[in-house]
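So that you can tell them apart, the chains are marked A, B, C and D in the order they are listed, and the count of residues begins at 1 in each.
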Amino acid sequence: MMKLATIFKSRGNVPGQLLKRSNLTQDVFCLHALMGCAGMSTVGQKTFTNDRIFAPYYVYKGKAAFSAEPIPPKFCKVDSGIRVKRQGFIMMSFSPSVGERKYDWQRKQMFALSPTEVGSLIALGPNGSCDFFHDPAMQTSNAGQVRKSLSIKPSPDGTGYFMSLSVTNNITKTNERFSVPVTSAEFAVMRTSFSFALPHIMGWDRYSSQPPVFKEENATKVGLRSMDSEWDR
Amino acid sequence: MMKLATIFKSRGNVPGQLLKRSNLTQDVFCLHALMGCAGMSTVGQKTFTNDRIFAPYYVYKGKAAFSAEPIPPKFCKVDSGIRVKRQGFIMMSFSPSVGERKYDWQRKQMFALSPTEVGSLIALGPNGSCDFFHDPAMQTSNAGQVRKSLSIKPSPDGTGYFMSLSVTNNITKTNERFSVPVTSAEFAVMRTSFSFALPHIMGWDRYSSQPPVFKEENATKVGLRSMDSEWDR
Amino acid sequence: MMKLATIFKSRGNVPGQLLKRSNLTQDVFCLHALMGCAGMSTVGQKTFTNDRIFAPYYVYKGKAAFSAEPIPPKFCKVDSGIRVKRQGFIMMSFSPSVGERKYDWQRKQMFALSPTEVGSLIALGPNGSCDFFHDPAMQTSNAGQVRKSLSIKPSPDGTGYFMSLSVTNNITKTNERFSVPVTSAEFAVMRTSFSFALPHIMGWDRYSSQPPVFKEENATKVGLRSMDSEWDR
Amino acid sequence: MMKLATIFKSRGNVPGQLLKRSNLTQDVFCLHALMGCAGMSTVGQKTFTNDRIFAPYYVYKGKAAFSAEPIPPKFCKVDSGIRVKRQGFIMMSFSPSVGERKYDWQRKQMFALSPTEVGSLIALGPNGSCDFFHDPAMQTSNAGQVRKSLSIKPSPDGTGYFMSLSVTNNITKTNERFSVPVTSAEFAVMRTSFSFALPHIMGWDRYSSQPPVFKEENATKVGLRSMDSEWDR
């Protein structure tokens, strides 16, 4: 344990160096890992960096604004590769207007769209609508205290949608509501960029970043999942 | 032969090192290779890694669940490049429910969607349906013993689809059937992610990962396939 | 500060060398940086290069031609990553015909489509139309002197669109107008390539070029934005 | 000149080594280059390789088969970057059947779909059709001797299309014709993969493979094309 910690620490001094996948990590499984996957440094030829990307798409309107931003999935190391441990999402953040072109982002409320909720949004027809309900304390003792709902409804004139977030907090006895009209052009940006982001938050873009796989005539490797599974039964 | 084996073995000790494409591999052709392409280490600037990606999309319902996951094509080395030797697919895996939110993945049955079957799925209209039939033992002496069929049908209320897998085994005299209702949101996720994955399982994403090609005024290289073929006739 | 300047200067002599992200850059914030982000050399494993890509899509017609080309967003360094500082756009450039298949690109007029304007274009139905208005001197003392408008209208026979750019200059008392008929095939190229480019000019393609993020069981890092924000409230 | 040739030759011995963009290449312009762009070795951080990708999509039917494969554009070096010198295309190759599941690829005829022709194909409605005409000897003294036409027509039962290639050679007095029925599933594969490939054959995927551009507060570089062009007039 001591040794591993030391390695990670020293790695911090050589960020540009490729750390080889060593025996230390071979037995780290998803569900049973004592140490988790913290500090893993290299996947394939890529090296870790803390450089996060911040590229939200903003829609500013009279009473409120929102931003949308994809958040990638989180992976963990498994026997013969890496596995999605928690799916990514598209984070929607709503803020109230506090003057002309001014928004109070300290009071923002967030809503994380899951892949299936993203699917619902991008499949929305011209007059379609959808509603999502989240409980941030789901499966804890505080379940039901805070309820969030995001609704997307067509605007009365048929030229766009209303995106509305409602947050009801039974503890503080507050109810916040944000509603932002979205033009069809803005919705087209969302539909296109969310469709682009969907495979990413599912982790499917990782399949493309791998080196090509070669067909082995006499494959004898143990531990690699067979690709021929359908035909093996 | 001995020497090649030695090289491959020693390569296992230096996974982070780029192995240069050597003369050893120059004459390895797709159809006639004695050794196949096992152990090829470098394509362009990329190096092999065993890190597979596991990022299935799961749909869990009352009686069964399924997952979908792209499996990349396999390549082999040819004279002036690399060629798809076996197309990739999207692997669908169905498992029966064995209690609330519990599924028996040991009893899973798989169905590998080919690129054209993926095309059929993503082109499905609101009331469209499709059926695919596979024989895992096709073109062997066991042909016809096991039959699999995957069907996608619109749900009666028009809000989604039913995905059903049936596996009939004439040897064990068993017939397993899984049926999973899919909402329009879940189907939108599948349509979008399958459309994303389709060029990948065809190998077309590899074209984008190559360095740009420069126009040579006086091209004299031998062995490169001419790009001007249409105009040469 | 002196030291930083020296580093940047010397870097100019070794363009191919990876410059490690050092502590020097840790405190460079977007809005308050004295030095700005000029000359930043490395993001993740990538190194700067001046090699710009020039790949405009051209539509040449009798009286005028236009080209379309994506221009990426500009980033700046922030506390824990990089942030889009100015959104990208798709640059439309129109030029008048000055003879058969000859166009005077010295007299070109440009119009930069924002992400939302791109969204408007790609969402255009068969008989839809849209108009965009730009003032190149907006928010300066010269506001209103030059007005540009780009309009996209369906052609009378329903087989395509007219793309027209009008530039009115009140100072030079000139009014230039370009109109280019676009076939449905050409518009399909624009719709498809603009849809492809949209996430890029928003900066969303950067999310995919990052290494996979691992789930840390005992995350203790300071300064990383929490991914669990929705659930923390 | 001698020196340059020597460098390129020696480069052949060190394929894994990054060759720095040197002053030698700074003045090589697209139209006036004496040497052309042959042998250019590095763009950004990528190094040349001869590994071409072969991943055609095949449709085999009773009387003929065809394959489709994207061919990337060709670039040349210009002052401050690289420019598309010749657009890419999707190469369609047709071959006659010479027995059950046998095709004579020696007798294949090719047809290169330009980006706009690809746009025409992917925009095709359920009952739409299109025809393309090529003259391989266009703008030479042999113009008109060989005429090729590719037509896509809906099948009578509305379930797919017919793709037909006709090649008329006035010199050899021959007329070859291939016709391949395409199911809606196969056409969906083509539509999806061609849409994916379109930005690639236009060269637009290169924009995404560049490092992020940073906003320079006090940009003083000479020779970089201004991104603010619209606002400068």
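In the analysis below, a contact is a pair of C-beta atoms (placed from the backbone, for glycine too) under 8 Å apart; a residue touches a chain by one contact, two chains touch by 3 or more.
The model shown is predicted, which means the values in this text are computed figures rather than measured ones.
At the interface between chain A and chain B, under half of the residue numbers involved are used by both copies, so each side presents largely different positions. Note: the chain lying farthest from chain D is A, by mean C-alpha position.
Centre-to-centre, using mean CA coordinates, chain B is 35 Å away from chain C. With centres set at the average Cα position, the gap from chain A to chain C is 25 Å. Listed for chain C are residues 43, 73, 82, 203, 205-206, each touching two or more other chains.
Every residue of chain D that touches chain B in the complex is listed here, in rising order: 15-16, 33, 35-40, 43, 46-55, 57, 70-77, 82, 85-86, 91, 109-112, 134, 136-137, 146, 148, 183-189, 192-193, 196-197, 200, 203, 205-206, 209. Only residues 18, 20-21, 43-45, 73, 78, 80-84, 115-120, 122-123, 130, 195, 198-199, 202-208, 210-219, 224-225, 227, 229-233 of chain C touch chain A when the two sit together in their complex.
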